[in-house]
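Below is the structure I would like to discuss, written out as structure tokens.
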Amino acid sequence: MVTREGILWLALVLPFFGSLGASFLPVKARNSAAMLAGLIALAALALIVSLYPAVADGAVVKSRVEWLPSLGLNLLLRLDGMSWLFALMILGIGLLVVLYARYYMSPNDPVPRFFSFLLAFMGSMLGLVVSGNLVQLAFFWELTSLFSFLLIGYWHHNESARSSARMALIVTAAGGLCLLLGILLIGKIVGSYDLDIVLAAAEGIKTSRYYVPALILILLGAFTKSAQFPFHFWLPHAMAAPTPVSAYLHSATMVKAGIFVLIRFWPVLAGTELWYLIVGTVGLITFVIGAWAAVFQQDLKSLLAYSTISHLGIITLLLGLGTPLGLVAAVFHTVNHATFKASLFMAAGIIDHETGTRDLRRLSGLFRYMPYTGTLAMVAAAAMAGVPLLNGFLSKEMFLAEALEFRDGSLLDTLLPFVATAALALSVLYSLRFIHQAFFGAPATDLPKQPHEAPFWMRLPIEVLVLICLVVGVVPAYTIGPVLDAAVRAVLHENTPYYSLATWHGFTRPLLLSLLALAGGTVAYLLLRTKLNSAGGAPVIRYFKGRRMFETVLASVIGASRRLEEMVGTRRLQSQLRILVAIAAFAALLPFIPAGYAIGSERITPVQPGFAAIWVVGALCAIGSAWQAKYHRLAALILMAGAGLVCCLSFVWLSAPDLALTQLLVETVTTVLLLLGLRWMPKREPQQWRRGRAPRSVLFRRGTDLALAIAAGAGMALLSFAMMTFPIGHTISRYLVEHAYAEAGGRNVVNVILVDFRAFDTFGEITVLAIVGLTVYALLRRFRPARESVRTPEQQRIQNAFDDSRSERDRGDTLTDYLLVPRVVMEWLFPAFVAFSLYLLIRGHDLPGGGFAAGITMAIALVLQYMAAGTRSVEERLRVKPLSWMGAGLLLTLFTGLGATLFDSPFLTTWFRYADVPLIGKVPLASALLFDLGVFLLVIGATALVLIAIAHQSIRTPLRRRDMELISRSEGEV
Amino acid sequence: MIATPDLPLWAAIVVAVLTISGAIVTLAGAIGLVRFDTFYDRLHPPTLGSSGGTILLVLASIVCFSVLRTRISVHEILIALFVTLTTPVTFILLARASLYRDRIEGSPDAPSIDGED
Amino acid sequence: MEVVLALGIGVLTASGVWLILRPRTFQLVLGLSLLSYAVNLFIYAMGRLRVDAPPIVGADGTVDPAALTDPLPQALVLTAIVISFAMTALLLVVILASRGLTGTDHVDGDDE
Amino acid sequence: MMNGWASHLIVAPVLLPLLASATMLLLNERQHRTKNAIAMVTVLALLAVAISLIVETIDLGFSGGSTTRVYLVGDWTAPFGIVLVADWLSTLMLLLTSILGVAALIYSHARWDRAGPRFQTLLLLQLMGLNGAFLTGDLFNLFVFFEILLAASYGLLLHGSGAQRVKAGLHYVAINVATSLLFLIGVALIYGVAGTLNMADLATIIPGTSGAELTLLQSGFAVLGIAFLIKAGMWPVGFWLPRTYAAAVPPSAALFAILSKVGVYALLRVYLLLFGGDWGWTGNFGEEWLLYGGIATIIYGTVGILAARTLSRVAGYCVIISSGTLLGAIGAGEGAVIGGVLFYLVSSTLGISAFYLLLELVERRGSEASVRAVVEPVFEDEYTGARSLAGEDEVGVVIPASIAILGGGFVFCALLLAGLPPLSGFIAKFALIQGLLDLRDGIAPAIWVLVAMLIVSGMATLIATTRAGIDLIWTPSERQPPPLRLAEAFPVGLLLLVCLGLMVFAGPVMLYMDRAGSSIQDRQGYITSVLGAERASKEERGPRER
Amino acid sequence: MRRWFRYPLMTLGIFLMWLLLTQSFSPGQILLGIAVALIASAGMSTLRASSPRVRNWSKLAQLAAFVAVDVIRSNVAVAKIALSPSRDRHSAFIRLQLELREPHALTLLALILTATPGTAWVQYSRLDGALLIHVFDLVDEETWIHLIKARYERLLLEAFEP
Amino acid sequence: MSTLLLTWAFLLAQGLLGIALLCAAYRVVAGPRAQDRVLGLDSLYVTGMLMLLVLGMQSGRTIYFEAAFVIALTGFAGTVALAKFLMRGEVIE
């Protein structure tokens, strides 16, 4: 036993499965794709139709699946009379469109994709109308935007299809986001997104302070989708889509989604002054503009598109009136419009298909070639024009009756009947023009194709729709009556007004206006028909070029963004660093603004003369370095080394021997490193300003930078000074000091922290070193020196030239002589370095030192050899394999740390014992030493890798001849 | 504040004299470094610090710690040894480099390459 | 001593900041190096300044935490020294590569 | 405390990649296959570890116990040693990281790992840094892991070399080195006042601070916060981000998607742990700055994305928008939003990652190829052992419908990033906005602006992606579409599939996010778990003098 | 195995250095010192450094004594000049021809000349043994040349070369 | 007495060495040529090392020795590199 809920679910998911299935069909599988789509649509239609009894009596089919309960978002399917009516249109017309498309689309088109999109779109529309949760509604809403985008852009090889699709997507998706926001506001007001709960809270919503924003946001959503002024412009351009798509999207589905939302929210949003004002006015303007523009179109589909806009305006206007009867009329006209507009689009498609053109000026006398199609189009157009005995007439009558109703005497109210009649006359005019221009008159001679009657299966959908127009128009009460009633009741419930669905109500004022419109339209056509053919566009309206405006707006938004981006952003590193420093300084300052700057009570240590002296030196060096860095790089480097030395001395002074040791070693390596780099830097000449001095902008920039630098310096000084004047309160160091020897077996607490308490930091730190080594290695593999740096340095060229010029000398003798003494000394020193580095390694746990200092020391020893003996010479003798050393070091630390896990202790738990060795006595054995050994290996590897990788650039030979030539040419220049 | 070690007076006098004279020698070198006019002249005074100054201070340190810890403390010798080994290397390389640079620029301070001036 | 150290930190920071705001790559490297000196001293200073109290436990293992300077900032500085050394090396190589590929030593890879 | 190997699972996300990379360092460049295998096994193992950790979290969490699992590295108790903490949030981030890792690694096999040496090693080390940063409970250790992940990201960014990359790399390195200095200053100030680095310990000590010391502490946190914000790419300190990410090779960029989130993560963690909650003095410290900064960042991202001329820049500004959204929401929220924030974080990270992988495939059709090109070797010894890119292009499975697949993937990415259905971006944005609107009774003007910017930025994303996507995918091209390899399509599909999963299982996922959100605000629970963690060995350690 | 014992002098030196560094003569440190010294000298042998062959240690001792005296003397002399206000002093380069060729001996000579205040080793050419030194306070060039050749070079020649 | 003597002696020595450092720093800052600066730097290193020796005596601790030793052993590496750079335009060939 299948439940109603189950049927509803099945109907909803079927199109999506069909879509998925179609997307996997082969490109040429035209028939199977169409068959699949048709069957899916038919099945879903049958399922929905089968649910009619459930909704006919005003009941609601609801099914709920928990999805995101914490946010009130559940999948809630809700089928009432209104949704059923829309579902019927969606699936019914969908089925007909599938049938039509099977014959319309060219055999060369990859139609499975087309049908896949179409089914997905159908499913999304269906999901939208059966949503019982507002967020879910917004979800499906955006899906319809998406799939309509794909459908409109289906012929994407065509530029206009692409841009139209994009325009439609942007407009409708933006509207969708507004709708979502509006819905969220509704949710905030009501506390739920459940449609039933929301509908029950009408009063609360209208009196809420969020009513206005919610209303405006929701209307934005509806208006964009339903192509209401001023968002109507996307619709005519969407005609770039294949005609079946137009027939579907612009009759029964896409554009009706906005109408559906207006109807859905009608009970809770309508009835206020604001609603009437906005919705009514917008509807009226759309109605008139659409009709006016439709008259002047030369393209069949454009004419239909503008007429769609116009009719959507009628429906919106009716809803805007806020009366129950207006709603009834709106719903009725929605259905009627769907039927006649779908059939007209299909007819237009047949004309296009058969003649190869849609230009009304070229078309003529087609009736003799395609009488069936002509007849069908005539009936449909008559329905559109509101000719009696057709469905369009009925809803138009209702509309006019509502328009004549007195409401508040406002301008809108007073003008409405006249404007409506005039606009309806226009719709008569364009309907007439459509038929007369295309089917009557002399047979056209210059058509691209010889027209024939369309095949039966292509005409069939139109026949069905036209039949509906006719039947509804003749016997409305027996056909559309109950369905309309169920739909309207689902919205209005007990407020449902009395209305009569009859063809004849007697000679009423609406009928009079109706006839006036018919007559006026006909007369106007007779008078203007030739002039219309030469019209270049709709007068007045033509200047409102929606698309161009859209594109202009978009382009200017983008242009403005580009200018703005340059204004609020920067790509310059200096500016970025300036901002960074300023912001950081400001952030650090912020807490002091309310609190003020205060220092603590701790007694200040008296100054020692030596310390003061070294800091005078330090300051001199630092400032000198800053001063010299641009033009005297070497000087700046030397000065920086001086500042570094002062830091080291300070560390010694301030009871941090480990720091001093490490910093000294690092200092040395850094100096060598930067010197290695200097070789590849360009020569700098002091900048010559035109008038002998820097321009004002430069001076200003320097002034700002100077101020920033001083501010940052002062800030750091003040912060550190304040901190040093506070007594130490709670600190974990106390524990570390107390437990360093007792539990970790080391007397040098700093080293114990590094290899035990916080060994994980050290572990990470050496990983950084390894990564940097790797990165440097990788980057330098692809090193490409600058042109002027490729050749050997000037000094070497001169010295080589000197050697070459003396017969007794060989090239390189100058160098050999130069390095004679250093080379010997460095050979002598090498074992001393080795011993000292082992010393640092072994004693680190108890006294200053450790794996890092030891590793750097070894690396310095290595680099000294490179300096004294040259790269090739060293590498002939030593096996320098930094990558392997690094890997081994990392693995050693890792396995040392992992060793603990064997004893069920966490990673890096250290192990420490004294072992009694005969003769020697107690020997300390600590896993920390092993860990430090790993660090040692890694540091040698990484440091050596970096230094050597740079050094290697000097001895590499360029790969290509071009580079070789470049070098020899520049050698020759000297 | 640093707690100055407590030495017997004789040792204190020896240490004080050695320390101060070491410092004076070093300072003399530094003053020379500032005072003299050409690079080659300035090359010499710093060696006061690396020879005399270092030796005197190392001796002071040896005396100081040997007395303080009542056992011979001579590891400071290593400092003197390595300073003597390493600083000349810099001077030698630097002097030659300076010679090269002066010759390229035709400075009158530098002698010609082969001595046939 | 505190004042001297604070002033020293300040001068190093100011020089470093001035340099990192300059347009040439070498200035940038030097600036960051000077800044890292300043930051290292700053971290040290956060453990308060102590003269002649190295964090080394006596040979007999007796401990008086109050008599020793705070060892933790020193350990942090050691880690920071290593990392900033690594980063200086990396930055230098990037600068060399940039110099080679763009032909200039301007930090933006283009001269004005 | 320690019970068997399972207890070491927490540290595995850090150790596994290191083990693999150290081993790979010992292999030479000809052993490409072995290295591929090691890397692949490692990322899969990481994924497995992350999954088992998150399953454990869920098990513990829904059985009512504390999910905060603490690992005492080196077996030192909490404030004294370094702790790793696995809880709702960190396990989530681990999983996210490992998913990105798998995707990036597979993708790189198609060609990118051969654009320069040692790509996989760097990738694994990047994962190690990320995992460590997510796990650690120690402020300075966080710095160390930040450095690891940064160092690796430098390597990954510069992978393949080339002027564009090196120029961007120069800025990236310089700014991050400066940022690291700020990090150090902040941590140092905090330590100077609080005397501890353990985050849980800090949370217990900070409330007792007052007076001038408090001001110093706040100053430290402000500087630290700026460091995090720079990493997160907040305006006006995030200008480096789009250009940097655009310059990286796709698998690197895909991994970078989570880098900016590390800053957000750190902010969330530190901020909520130390400043969240209801105690007077810090209640609003910096909150509004975060909100305004977030809004400014979204605006900048929106402007940038509209201005962007290339897809990679579009993606870069997506990152900016995503960061701004997160920062703004954190700044606006009092905790109720955090669930949504986390959902958005996960969803946008996956989306951006997929987008970066995809855009290269898409742009390969277009003209922008030069940007991503790899520098040719200059020196003779360039390719000792390494393999060149040339001539290997035709290997791999050629999928005929490549354009359709690209198009589909592209559409999904665009929708994901714009916050439109059907993927998780919609839910994420919905959850965020709903959280923001529900915060207080009224809606403050700044919140209105934030919400409006969320919508506008989504729109701008849509405009930018459709413009580029239509140009690149729909516009007919003379050139034959290059073959799409399985190794390239699969990771994109994987990431999008995860997003789809987030959408379909939004309920349980959001439940997880909410629990994660409330857990990071449960300061007391965190403090109790971390400071109460017991050592493995009860016995006294140390030198036994026998 | 050879490479561990190739430089006995150096090994001994390193061993002494180790003991000085550790300031301990415990059996453990002595063993460790031996091990380190062997490792260090093995490291040196990988450099394939040439080993100096000293023929006559007494000459070296004599040289050391001379140098010690000269260092003290020249320290005083240079310090005086540095501190005295007068600028009455003549510095100059001196060229001389060395017969010494042994690299280690040359290095020793260079170190002695440079470490002693007042003289500096500037340029040396292996090809012809021409040496350029700079003298701080040159009174008589011949005296200097004689001093270097007779006091230092002769002793070094006797110590190193057969 | 001896403590007082030593205190003043060490402070005096510190002061003298401090002036020496300033002199060396003057050379580093003022140049005029690069070789002068290198010379000044070398002098800074040596004088700084001597300062550490004084500091060591002043404190009676031997742990300052290592720092001084490191300067003695490795301090020249930087200046050697600088000197070689001046001569050859390249540190490692």
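The first chain written gets the first letter, and so on, giving A, B, C, D, E and F; residue counts start at 1 in each chain.
FYI, contacts are C-beta pairs under 8 Å (C-beta built on N, C-alpha and C of every residue); 3 or more make two chains touch, one makes a residue touch a chain.
Note that this is a predicted model, so its numbers are computed, not measured.
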item: Contact-graph distance - origin chain B, target chain D; value: 2
item: Centroid-based (C-alpha) most distant chain relative to chain E; value: A
item: Closest chain to global C-alpha mean, per-chain Cα centroids; value: D
item: Chain pair showing more contacts of the two, B-F and A-D; value: A-D
item: Cα-centroid distance, chain C relative to chain D, in whole angstrom; value: 28
item: Distance between the centres, which are taken as Cα means, of chain E and chain C, whole angstrom; value: 38
item: Where chain A and chain B are represented by their mean Cα positions, the distance between them in whole Å; value: 67
item: Between chain C and chain F, centroid-to-centroid distance (C-alpha), Å; value: 20
item: Interface hub residues of chain D, defined as touching at least two other chains; value: 140, 144, 147, 151, 154, 158, 161, 166, 170-171, 174, 178, 185, 189, 192, 197, 375
item: Overlap residues in chain F, where contacts from two or more other chains coincide; value: 17, 19, 21-22, 24, 34, 38, 40, 54-55, 59, 62-63, 69, 73, 75, 80, 84, 86-87
item: Touching two or more other chains - residues of chain A; value: 571, 573, 577, 581, 605-606, 608, 612, 637, 646, 653, 657, 678, 716, 719, 723, 726, 728, 731-733, 736, 741-742, 757-758, 761, 765, 768, 772, 775, 779, 782-785, 795, 799, 818, 821-822, 825, 828-829, 832, 836, 847-848
item: Chain B partner contacts - residues on chain E that touch it in the complex; value: 17, 20-21, 23, 71-72, 75, 78-79, 81-83, 91, 93, 95, 110-111, 114-123, 130, 132, 134, 136
item: Residue ranges of chain B touching chain E (in the complex, touch as defined); value: 24-25, 28-29, 31-32, 35, 38, 40-41, 43-45, 47-48, 50-52, 55, 73-75, 77-78, 84-85, 87-88, 91-92, 95-96, 99, 111, 115
item: Complex interface listing, chain E residues touching chain A; value: 7, 10, 13-14, 17-18, 21-22, 26-28, 31-32, 36-37, 39-41, 43-44, 46-49, 103-104, 106-107, 110-111, 121, 123-127
item: Residues of chain A that touch chain C when the two form their complex; value: 571-574, 577-578, 581, 602, 604-608, 611-612, 615, 618-619, 622-623, 625-626, 629-630, 633, 636-637, 640, 643-644, 646-647, 650-651, 653-659, 662-663, 666, 669-670, 673-674, 677-678, 680-682, 684, 705-706, 708-710, 712-721, 723-726, 728, 731-734, 736-738, 740-742, 747-750, 753-754, 757-758, 761-762, 765-766, 768-769, 772, 775-776, 779-780, 782-787, 789, 846-848, 852, 942, 946, 949-950
item: Complex contacts: residues of chain A adjacent to chain B; value: 605-606, 608, 795, 798-799, 802, 818, 821-822, 825-826, 828-829, 832
